Structures are given as C-alpha cells and as structure tokens.
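Going by the order they are written in, the chains are A, B, C, D, E and F; count residues from 1 in each one.
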Amino acid sequence: MTVFVHPAGICESSHVGEGTRIWAFAHVLPGARIGRDCNICDGVFIENDVIIGDAATIKSGVQLWDGMRLGDQVFVGPNASFSNDPFPRSKARPASFMQTIVEDHASIGANATILPGVRIGYGAMIGAGAVVLNDVPARSIVVGNPGRIVGYAEAKELDAPVRDRISTKRDGPRLIQFQSHLDTRGRLIAVEGHILPFEAKRFYYIDQVMAGSARGAHSHRRCHQLLVAVAGQMKVAVDDGESAYLFQLSGPEVGLYLPPMIWSMQFGYSIGAVSLVIASEPYDANDYITDYAEFRKLARLHAARD
Amino acid sequence: MTVFVHPAGICESSHVGEGTRIWAFAHVLPGARIGRDCNICDGVFIENDVIIGDAATIKSGVQLWDGMRLGDQVFVGPNASFSNDPFPRSKARPASFMQTIVEDHASIGANATILPGVRIGYGAMIGAGAVVLNDVPARSIVVGNPGRIVGYAEAKELDAPVRDRISTKRDGPRLIQFQSHLDTRGRLIAVEGHILPFEAKRFYYIDQVMAGSARGAHSHRRCHQLLVAVAGQMKVAVDDGESAYLFQLSGPEVGLYLPPMIWSMQFGYSIGAVSLVIASEPYDANDYITDYAEFRKLARLHAARD
Amino acid sequence: MTVFVHPAGICESSHVGEGTRIWAFAHVLPGARIGRDCNICDGVFIENDVIIGDAATIKSGVQLWDGMRLGDQVFVGPNASFSNDPFPRSKARPASFMQTIVEDHASIGANATILPGVRIGYGAMIGAGAVVLNDVPARSIVVGNPGRIVGYAEAKELDAPVRDRISTKRDGPRLIQFQSHLDTRGRLIAVEGHILPFEAKRFYYIDQVMAGSARGAHSHRRCHQLLVAVAGQMKVAVDDGESAYLFQLSGPEVGLYLPPMIWSMQFGYSIGAVSLVIASEPYDANDYITDYAEFRKLARLHAARD
Amino acid sequence: MTVFVHPAGICESSHVGEGTRIWAFAHVLPGARIGRDCNICDGVFIENDVIIGDAATIKSGVQLWDGMRLGDQVFVGPNASFSNDPFPRSKARPASFMQTIVEDHASIGANATILPGVRIGYGAMIGAGAVVLNDVPARSIVVGNPGRIVGYAEAKELDAPVRDRISTKRDGPRLIQFQSHLDTRGRLIAVEGHILPFEAKRFYYIDQVMAGSARGAHSHRRCHQLLVAVAGQMKVAVDDGESAYLFQLSGPEVGLYLPPMIWSMQFGYSIGAVSLVIASEPYDANDYITDYAEFRKLARLHAARD
Amino acid sequence: MTVFVHPAGICESSHVGEGTRIWAFAHVLPGARIGRDCNICDGVFIENDVIIGDAATIKSGVQLWDGMRLGDQVFVGPNASFSNDPFPRSKARPASFMQTIVEDHASIGANATILPGVRIGYGAMIGAGAVVLNDVPARSIVVGNPGRIVGYAEAKELDAPVRDRISTKRDGPRLIQFQSHLDTRGRLIAVEGHILPFEAKRFYYIDQVMAGSARGAHSHRRCHQLLVAVAGQMKVAVDDGESAYLFQLSGPEVGLYLPPMIWSMQFGYSIGAVSLVIASEPYDANDYITDYAEFRKLARLHAARD
Amino acid sequence: MTVFVHPAGICESSHVGEGTRIWAFAHVLPGARIGRDCNICDGVFIENDVIIGDAATIKSGVQLWDGMRLGDQVFVGPNASFSNDPFPRSKARPASFMQTIVEDHASIGANATILPGVRIGYGAMIGAGAVVLNDVPARSIVVGNPGRIVGYAEAKELDAPVRDRISTKRDGPRLIQFQSHLDTRGRLIAVEGHILPFEAKRFYYIDQVMAGSARGAHSHRRCHQLLVAVAGQMKVAVDDGESAYLFQLSGPEVGLYLPPMIWSMQFGYSIGAVSLVIASEPYDANDYITDYAEFRKLARLHAARD
C-alpha cells in the first residue's frame, strides 16, 4: 500500500507517508510533510511549511497554512479555518508566520476558527463553530464565540458529595466534608488541620477568573493540595493519567484533596467565584509537570510502582 | 433538458433529477440521490448516503455528508457546514452516523454551522454565521452562536394592543383587554369568565424558558386557548396556514385568544417570564397537530369549509 | 368596686367605667369616656374627645389626643405615640382632627408611632418601635420604620407541602400539588380542571405588591378559590374564625385551595411576585365579608351547622 | 449625704443607695432596689422587680418594668423604652416577665427601644432612636430600626494599609501584605507560610453574615490568627483591654494578624463577604474568653508581665 | 393676660412671656427663657439653658435639655426626643453640651428623635417617628430612620415638561427642552449655547449623592445656572421667597434654568444619578445666600424692584 | 509580467490586471473585473458583477458574489463568507442583489461572515470568526458574533492620566485634570472655564450607547471639543491622519481636549456610560469631515502648513 492521489487532486510533495489518501480538488504544495494513513479530503489546501503526523483526518474545505503543526490522530472538521497572521494586511507579509500547534489526538469541529499562534492541547475537543482565541489545555472541550472551556473530554461526572476515594490508588483524590456552623450571625466553616492529609505550608486564593477560562492544567510531583470554593462555584477535572473525573465544587463546606501525581484543571467559574488552595509545599517551579504527555508517562510509572 | 455537469465537476451518481446543474470542482459520489432542478454550485462535495429533494440550491463551499436529508426547495448558503459525528476522533468511525434533516423550504445562511442530528423545520431560516445546536421548529428564524430563535419567517409584526380579529375567518385569534386595578397595595387584573369565548377546563403555566428557546409549535384540533404573559414578556407567532402574525405580549393586561386550527409558536421569552394558559379542554394527546406540513393541509380544508 | 384614682393622678371625667384604675401623674380631661376594668398607668394624658372600650391597658408615657377611638381589650405600650394632625404647625389648628381607630383586642408595642387617621384592625400587633403609616388589617403583625406587615397574630406556621386538610371541617383549605414537566425548553405546570374542587368561572392575578403590603384580608360567602404563586413567593394566612394557619407559597407547583367562609390575607410578597387566582364565581361585591368581627360571628354559625 | 426625693416625686422603696436623687413626678415602687449616686430624672417610673447598680443615670420619660436589671454607671436616655412581654395583650399577663439586662457602663440613647429579653453588653452604646432586637456584644455601637452594629465604642480608626505594629506590646496585631499576580486567567494571591508569625494548624472561613451582624467578640488565650477578606469587605475591632483599634479589610491582598490575648469583633460585612482565618491551634473551647470584664482583668495581668 | 401655670405644674422660671400656658406635671427650671403665647403641655420638662421663641407649642412627653434653642412658632410633637450629648456615659458630663437649634416655623412630628447638634431649618417638617442625624435645610420634609429628605414643605408639584415660565417675574426659572438624536448607535443630546439665557463660564457635575441627602439649599445673587440630570433622576425645589415649586428631572433631554435670586434645593437623587450644572459666573463665595430668612428679605426687595 | 492562471484554475474574465495570479481550482466568471497584482488563491469563486481593486488578496475558500465591491489592498481571509440576499429562498431570486462594499486597506479575518449590504470602512480589521451585521467605521476592529467594535487599528494605547500633548503639533489633544470635592453630601467636580483652551459655545452628552457600538468617526474643521466621561467609562481613538492614539476615559475627574482637524471615534462604552462634550462652536454640518480618505488628505495639507 502506498499514497493514493485522486486523479483530480494535486500532490506536489514527496514527503507523504504510506497509506495516506489525497482526494479530488485537494492540493498539497511541495514542502508539506504528511505522515502515514492520513485522509486528506476533497478541496483541502496544504501549503509548504506544514507538518502533519500519522493517521490524521483533514476534512473538506480546510486549508493548512505555513506554520501549522498537527500531531498524530488529529481530526480537523469541514471548513474549519486556520490563519497565520494575527493582523493581516494585503501585501504586508510578516517577517515570520505564527505557528499554530494541534497536539496528538485533538479534534477540531466543523467550521471552527483557530486564531494564529494558538496551541490546542493533547486530546482537546473544539466544538463546531467555536472561535478559539487562546491556548487550549489538554483534553479541554471548547465551544462558542469567543471559545469558552466547558468540559474535559471523556471525564466522568461525579455526584457531590462523594466522600470516598475516587481512585483505585492509595490516598487518591477525594472530597472532604468540613464542619459548618450556621446561626443568625452567619455561617462558620472550620477546616481543622488534623483532617488534612498533609501539613499546610502555603495558601493561595484565586478570583476574578473570566467565565470560560481555566486554571491549573498541571500536576505536582510532591505537593499535596486542598481546593475549596469559598465563594461561588467551579468545576475541577481530576485525571490520574488513566481515568478522568469531574467534580462540581458548589459551596465552601466541601474541599477537594489533590495528592501529588494527579493532573487537574479548574474551570466553569461562576462570576465572583473565589477558590482557596492549601498546599503542602512552598512554591517550587520544579515541582510542576505542565506537559500532559510527559505526565501520562510518569503517571504510568508511578502507578506501576504502587 | 437533462442534468448539466460542468467539465471541471465530477458527478459519479446516476440518481440526479432532470434540470439539475452541477458546477466546476463540485464532486457527487455514486450513492447520492438528488432531485430535479437543483443547483449544485462550484466546490460542493456530496457523499453517498445523501438525499436531496427537488429545486434545492447548494452554494459553494458546502459539504453534504453521509446521513444528510434535504427536502424540496432547500437553500444552503456558501460555506455552511454540516457534520455527522458529535464527538469526532480521527480513525474512530462511529457505528452509525447521525442523520441531519432539513425540511422543505428551509434556508441555511452563509457560513452557518449545523450540529449533527439536528432537524431544521419546514420554512425555517438559519441566519448567516449561526451555530445551530437544537432542533428548529417550522418557520423559525435562528441567529447567533449558540443559535437562538428570534423570529418567525414571513410573519407580520402587529402593534399591541390590537383588539380586532387579525384573521379573515370567523372567530380568529385576537387580543383581549382585561380590567386592571392598581392601588398602593399592588395591581389586580381580572379575567371574568364571561369575556372568554369558551369554558375553562384546564390551566397551565410555563416558566424557566431559556432565552432563545421556543414553546408551542403546534396546533390544536378542538381546543381553544387564552395566553397571558403574567410576568415578563414573550412573542407569539400565530399562523392560520396561509398568513402568519407576530404578537408581542408585554404585560398581564392583555391576553391572546387562540381558536382551534391555528398553529402557534411562543419565543422571545424575557428572563423570569411566566405565561398562563387557560384551555377549553382537558389534556388530550390526539388533539395536537405537531407536523407543520400536515397542519397546512388540514388548515386549507378547514378554511374551505368556512 | 369602683374607679380608683391615685392621689397624684387627676381625673376630670365622670365617664369612667367600674374597676378602672388611674395612676400617679396621669391626667384625664373631662370629656373623655373610658370603659370598665381599664388600667391607665403613670403619666398617661387623655384629652376630651377620646373614647376607650372595656379592659384596655394604657401604659406610661402615652397620650391619647382628641379623635382617638380605642376598642375593648386594647393594649398600648409605654411611650407609644399618637397624633391627630398630619402636617402640624404651631398655632395652626386644623378645622377638625383626624380620627385614629384601634379595634378590639389590638396591641401597640412600646415606643411605636401611629400616624393620624390610621385604623388598626381587630387583634393586630404593632411591634415595639414601629412607625405605622397605613391601615393595618385584622390580626396583622407590623414592624419597622416604615411599618411592614410581617405576620398574622397567633397563626401556626405550616411546612409546605402539606397535602391534607389543615382544618377539622369538611372540605377545608388545603394545598394541591400540580404536575410539572421540566425539559430544556422550560417548565410547564398543568392544572387539570378535574383536580379542582369547583368549576372555574373567573381568573385574576395580582402583581406589583410593595414589600410589606398585604392583599386579601376578607372572606367569601360562596366563592371557592385556588391561589398559586406563579412567580416569586408569598405567605397566606388562613383563618376559619377559630384557628389561623400560615402557608408559604414558594413556587408554582403547589396551589392553595380556599373554600368559602375562610378569612385569608396574603403578604410577604417577594419582589416580582405574581399570584394567580382561579375562582368559582363571577365577581360579586356582596360575596365579600370584609369586617373581621362579623366574619367571626358568621364563621361560628357556619361551624355549628356542620 | 443621703437620698434626695423632690417634693413632687414619690419614692416608695427603702432600698435606695446613698447620694441617689429622685426628681419631680418620678415614681419608685416599693420593691425596687437602686444603688448609690444614681440620678432618677423627672417623670421616670420604676416598678417593683427592678435592680439598678451604682452611679446610673435614668433620664426623663423612661419606665423600668418588672424584670429590668441595670449595672453600674448605666445611662438611659430620655424616652428610651423597655418592655417585658414580647407579645402583649391587655389583661393577658404572662406567667413570668422576660428579663432585660444592661451591663456595666452601657449607654442607651434618647428614644431607643429595647425589645424584651435582650442583653446589652459592657460599655455598649445604643444610638438615639435605635430599635434593638438582639443581644449586643460588649462595646458595640448600634443604630437604626432594626438595630445594626456599626462600630466599636472608643475605637481608633486606622488607615489601611498599616504594616507596622499598632500595639506598643511586642508582636502586636498588624497588617501583612501578600503578593498578588494578575493575568488574563485571573488573580492569584499567595500567602507563603514563612511570612506568617506562627505555624498554621487550623483554617476557617465565614460567610453569609447579615448586614449589621457581628462575629467574634471574644479573645483567645494561646491561639494566633490571621484574618483575610477573601471576598467583599469587613471591619475588625481589635482591643488589648486598654485601647481599641478599627481595621477595614477591603480586599484579599492584605491580612490581619491577631496574637493571643487580643479581644476582637468583626462587623460591617458587605453582602457576599467571606473572611478566611488561619489559626495556630486546633479548636479548643477552653482557649476562648467570651466575658469582656474577665478579659480586661486577664489582659491587665498579661500586660503587667510583659 | 399673663402666664398660666396649672396647679399640678411647676414653673421655677420668671422669664416666661405673656399668654404662655404651662400644664399639669410640666416642670420649668429657673434658667429657662420662654416667649409669649407658648403652650407647654402636660408632662413637659424644660432645663435651665433653654430658649424658646414666641407662640411655640411643646406637646406632652417632651424634654428640652440644656443647649436647646427653639424659634418662633416652632411645634414639637408628643414624645419627640432631644439630647445634648452625642456619646453619653453616666457620670461623664461633657465640658459643654451641644446646641440643638430649631428655626422659626419648623415642626417636629410625634415621637421623632433629634440627634444633638443638629440644626432644623426654617419651616422644616420632621415626620412622626423620624430619626434626624444631620442638619435639615429650610422647608425640607424628613421621614424615616435614618431621616431622609423626601420633600419641600408647601411646594407645588409640577408636571414635566413645563416649558413656560413658572414665575410671574421676568426671566423666571423654567424648563428648557434640548434636541435629542436617538439611533441604533445611541442617543445624542445637544445643548446649543445660543439657547442658554446666559454665557457659560463654569461647569460642574455632582454624583454619588446618598439616597435621602440634599444638595443646594442656597440662592445666588448674580449667577445663572442650568441644571440637567445627565444620568438618573432627582427633584429640584425652586423657591422665589413667595411660592415654591417642585420639578422632577427624570432624563437628560430637559434642563432647568435657575436665574439669580431663586432659592433652590436638590434632593430625591436616584442611585447613580449625576447632575450637570452650567453656570454663568466663576466661583465666588460672596455670590451665595445660604440663610433662608435673609434670602426671603432680599427676595421681597428684589421683587418690589421689578 | 502578465496574469498568471494555474493550469487547474479557470479564468473566464478578460478584465484582470497585470501581475494578478489565479490559483488552482479557482474560478473567475466572465463579467468579473479584477485589478493589478491581486492574489486569487486556491478554490476561490468569483461571480460576474464583482469589482476588485489593485493588490487585493483573496484567500482560499472565499466566494465573491454578484454585488461585491472590494477596494485596493483589501485582504479577505480563508473561508470568509459573503452573501447578497438577506433572506434567501431557493429559486426565489431577488429583483436585485444587495451591494457589499469593502473599502481600501480593509482586512477580513478567517471564517468571518459579512451580512449583505454592509460597508466595511477604510483600513478596518474584521476579526477571525466575526459575524458583521452593521456598517463598520474606518479603522475599526470588529470581533464576535454579533460583531462588536473593540478597537481602532494601529492605535497606541495611552496610560491615563497623561497631561502633556500627545501630538507633535502645537495644541494637540491632551487630557485635563479637574478639581474634585468629595464630602458626605456627594462629589462635586468643577471645570472652571479658564482652564479650557477655548470658549464654550455648545454642550452635548451621549448615553445609551450599546455595548460594541461606536460614536463619532469624524473630524471637525474648526470646532474644539472637550470630552468627559461623567458616568461610566469609554474609549476614545484620536487620529491626526498620521498616528492614532487610544484614551480610556474612566471617570469624571479627567477630560479629553480635542482640537480641530483631529479624527476621533468613541467606543467601548460601559453600560450606563454618559459622555459630556463641551464644544467651541455652534452646530454646523459643514464643519464635519466624515470621509476618512478625505480627512487624511486635508490633515496632511494642514500639517504641512504648521
């Protein structure tokens, strides 16, 4: 099996992998590099400085301009649009084009628009018609114009409150219920230090998050954390590299314990939401894992050791 | 006259009706079935499991995927985008594709996006750039991302209050003014039974309608109704199968009488709106006509009898 | 037993009933008429054109000016203040003074202020420090400045939903649960005619009630009614002449059935609240009983007949 | 020097302390017990079951009913009104009257109204015309109808941010500034553990405080605390038994450190305010001092030791 | 005719004017000075450092403390309460008492509370039960706790828009309609310089006025002004020394022209209201008349000259 | 050099300028007129009644329908969509198609949608994925669905307050700080006439601007203006024909002085924003320059004269 090019298609590149098919009215320029087993549908246009991994699908009406980088098994829906110049003017070619990166396993829905310079994370899902202005963390689901993060792909939604471990590993993430005292003077909620599975060394709180934005999207190597929605509400995706779960933090009486080597993303903040985080370690940039693919590798090693 | 295929177009199907034209860089796969007098413009792509009625227009840059069903005189604007997989992943072909149905006389504006599985009703009008997530009732006008119902195609807008019949038929739909008593304790609005053109047997009220959603979109065979906006505001499209009218119900002092054999859709609900309906009959599922084409046929018979 | 006047008190009237006591530094002018068994405490001042019923208590620091009319068993707390001129200017005596009426069994709390011309209904309870600007229906509880109706004296608060009869009489007032259908298009709540204990002949709805105001405060002789909070919330006091109950109507899925010969007052309206009433009779002014004392007499006869 | 009674006054009690004066038209019943050096002004009425401490001032137009207990140096302004029956009805005497307690050094403004059963704390200041429904913590300033806590008597207001010690004692209360990071994703404020003057062992947060309510009003014996307004705003009164200070916490970038043996009260909460507290000790009921007089004694001993 | 003192009253002062009557249980201390034709009702108490003008009425239950100054024809309703120490503590007599001034023709309603140091302006009207915290401009009507300015005594309310002169004098105050241009981009309202009856030399705008506060309450000698409610709404009392009128400025399309020698007070500001003033003169402190009595005299001279 | 047509492209027009290139699968109908040095990319379709200026770029997936008029150096991004029928129905061809005009130097981002009949002004920038419903002023930046004006192309953002000249010309635009007086009665901000660089002859204020709309977009020949945000906030683009600047007016204490021969556009209005303008001249229609190209020519002459 080798490359298939439809009689009405034009393929000028010799860097196309085995099993890839190029259909009618598609046009591939000489510099493009395309992996194996890809499907380049009718009417697709691919410029020169473009790299596509293996097993990608590019549906009709899509153009891939200089500077596009697509990983393995990426799906680009029909009429989805990219560009490489954030402020285009005719005859005013920029010194260099911006790179747009779509990581492995990500999908882009029909007629979506991806602004130049954006990075679409591993396994992300861009909804049909969405306009993506900002980088998209791994596995995020994005919809709307402007694009807002509304979910975490393939995550199981959990009913709150869930008090038991949600992981099969020892000391997995779990919700912790606090004591709440409500009387006519107000409500007091106490987090006794002894109910934390770690000693608190650092505290931070987050507010003024725009609707549709996300925080987190990383794992810690050693740091344990407790998240609480002290005002408003938010969602937390929790991912052990194998399965992912969604928690809805809707009030200050419950905290979410996050042990090390758990990838987590927070999103779906209500207006005025404030999240408090209690952490077991001082700030240390080296404690963060911010690359999802690297996290998955390490998480598997970590799980194997258990 | 027979099928026209531009020399730079490709038509592999033999199920194309007389008078249909297929233009340059368009590509029709063998399994597609296309009616008579259609116009398939430059660059259109049509897959196999696609059925198109008569006299449809498919503008440039449109793809029709397996599972699309388009009725007679459907218009699909340039670069409008469909899809058949709600959560696409490369190389992960679903067991079956979702059907998307566009009923007779509906139009889809330029660059609109239609999510898989949606049904676009008879005569609906999807605005340019709209992203349609949900089924669209007959003759609805939809705009925005996400798509919201904002009108009823070809309906005449009526100034409220209009107290006379808006129909040329006896006992047609009309606004009824109620007596209102306002004092320092609040406002009381009375609907004396004798001013209703029927005896009340059932009451229901509707609230929590999302902005952009619609209710109704059906006719009754025997049931008379009175609609009142007891809180907030809403619009009511009233259609006798021949002409359509738009009422703005903007306060509780006016009710809209709807006789049987009138198709009606409510939309444009303000936040917190509540509509009260007083009905002449107990609930009876057989009294509803929910197919607009069937309604039009029956309404013509009904009108002829008058 | 006869009238007691403390040696340091002054009583110039000869129209004081048996058993009444007048204490030190109190001063009763000649024209005042005071019933039997009253208690006129230290420092009270009573002008000429004043009538007080039997068994009333007037605490210290109170003045009763020309035009005051107090019923039987009225309680006036210490330093509570009345006046008889709404826009007083020194040396500008009005042509006539406004009457202020306090009906039988009503109580006025310490340091409350009653504006001239107000009528305080049977059994009402004015809270300490309240400033009363408007007439107060029978048994209402009023607090604050300006005074707001916040309760119904001696009513039992009932947990909603209560579906059984709350009265020991046949066909007493009760809550009725309706069927509710919620989906993505909104919520529809149906009141099928056959679940009503009467045939509907009239409908009215009430909105724009100011916080702190009340509606109702009457009974019907023959008319049955169903009350529903179609938007917002309100409280309903229900009184059979013997016992009183408080219902909280907090949503449209429950209606309150009110049979004839039940006194009812609605209050505690939230902002934007709308109440719908379905009635068994056309409007008839003669069907209303608006005097609470008369209602109590008729209700006892009615109960005796059962 | 002995008791002075004005010729137009009446004193029937023999339990009146030396130096106390009773003025014209005042009336003291036989059972009342009044301390030394009190001033009972014109027109005051004092019933039997009343106890008043030393050096109190009772201005004109005040009545003290059975059940009133007033401490030393209490001031009661003119026409201020008490009562001892929460739901008074004429001729319906309750089984027992409610006690109202006014602690040492408290003042009650002109024309204020105190509901029965309320305790007014040590040194509190009730504003003129206020209507007091609830207990009042020590030194609170209360105004309005209903009464709201709006200040702390004799506290000095401090401009924020004040970063130095506000006390002359070592390790006194002080504000601590945090680092704030604001970007398009939101704002992150970090409290690194090493900037706290203690190790964190307990955390709690308080929300839903009604406007006009207060929290705290106690001291700790050993526990250190850090207060932060993570949402909204609040005021904190800080009292070392000698001087008192007022802090306005108006944003999450500044925390207030409270060492042991500092009395503190929080009030003036904005709607939606949330305060976070980080504490140095687990919860221990014995660590609390909730009696202000006791606190003052201990604080003086504590200060003497320093 | 001479001073009348009731046998049960006590008058120790010899500075009481002819025709004044002092009733039972009233008590006037030796230093008090009271004008002619006053009425001092039952139970009133008047201390030494008190001055009262002619023809005043002091109703029962009122005390006038050291430092009170009441003008001619002042009316003080029953149980109205004054004080002279803003932060009273028993046995802590301030160095000097605060003066409270009630100007000529002012009235104070039943049970009102006047804080120490307040000045109640000429002809003001304090409502029953009001608690007055701040100075009250001439002729203001004040109600509530805390007291809010809600009217201007004896002013005629005018329907807007009134385009003609409201005064019988040349060039009197009047409303001026501006040209407004509304389209989909917004509204533009133009004040052409030539439609102003003066040349503009100064501009100022006022916002953040608390509900219940007032601005103005003065006249200019030479300065002309134009007032516009550019955001929100407000009321303007306009007084030529003879008659007073009330304008409701409810939108930016109408301005109120105020010529010199017109007294004006602005109040009833809605939340967020902003008023713009265009003035004919630079700021000059000598141009202001802030004493209402002086204004009335000058206005009469001014009117006589016309 | 002459016209280049790719072997797989179709050019049926003979009105194509020198140096223009037409790429594969593009199709130009016979009536189209295209200028010099244009780039017509793969898959573009151009109907007959279309005029394109010189040096334009039309990216892949774009169709230009009858009625489109594009100026010089226009850029149309990939898959951007036009249409010429506002309410398209299949087989219902309108009597005439609407014209859509894109002026010189304007750019349209990837996948944007332009409604029929819209005029896109000189140098405007339509963001990727935007849906443009209304005319777009010169140099406006438009994003979103529906499209909103959010910027002014190539303008420099200035930090407020900037008190010096922002222009190299004498008497350029600049911010002026006013004096502000805040007390308990509210805030008063005075603009003394002598601090204005001109005599005030006209005033106007603008409110109710919809979010996303713009005002202004013109220059004056002789009129000087001062802009103040008396309520809310807004942005002002200021353009001297050479450079452009952006001011953020965020409060009433600062005004923006605009001399003649400065083009200005206001946008980014907050809800409830009100801008006041003080102008040096009466209204004169001839004083306005509303064509941006004409303004640039005159501004250069004007600058040369300086």
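Quick note on the criterion: contacts are C-beta pairs under 8 Å (C-beta built on N, C-alpha and C of every residue); 3 or more make two chains touch, one makes a residue touch a chain.
All figures in this text were calculated on a predicted structure; none of them were measured in a lab.
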Touching both chain E and chain F (chains): none
Joint neighbours of chain D and chain C, given as chain labels: E
Equivalent interface positions on chain A and chain D, same or different at half: same
Euclidean distance of C-alpha centroids - chain A vs chain B, Å: 37
Separation of chain B from chain D, taking each centre as the mean of its C-alpha atoms, in whole Å: 66
Shared-contact residues (touching 2 or more other chains) in chain A: 25, 43, 61, 79, 111, 131, 145
Graph class of chain-chain contacts, one of line, ring, star, complete, other: other
Chains grouped in pairs wherever the two touch, ordered by label: A-B, A-D, A-F, B-C, B-F, C-D, C-E, D-E, E-F
List of chain B residues in touch with chain F within their complex: 8, 24-25, 37, 39, 41-43, 55-57, 59-61, 73-75, 77-79, 105, 107, 109-111, 125, 128-129, 144-145, 153
Residues of chain A that touch chain F when the two form their complex: 10, 25, 27, 43, 45, 61, 63, 65, 79, 81-83, 87-91, 111, 113, 115, 131, 145-146
Sites on chain E touched by chain F in the complex: 134, 182, 184-194, 200-210, 213-215, 228, 230-231, 252, 269, 272, 274, 276, 278, 282-283
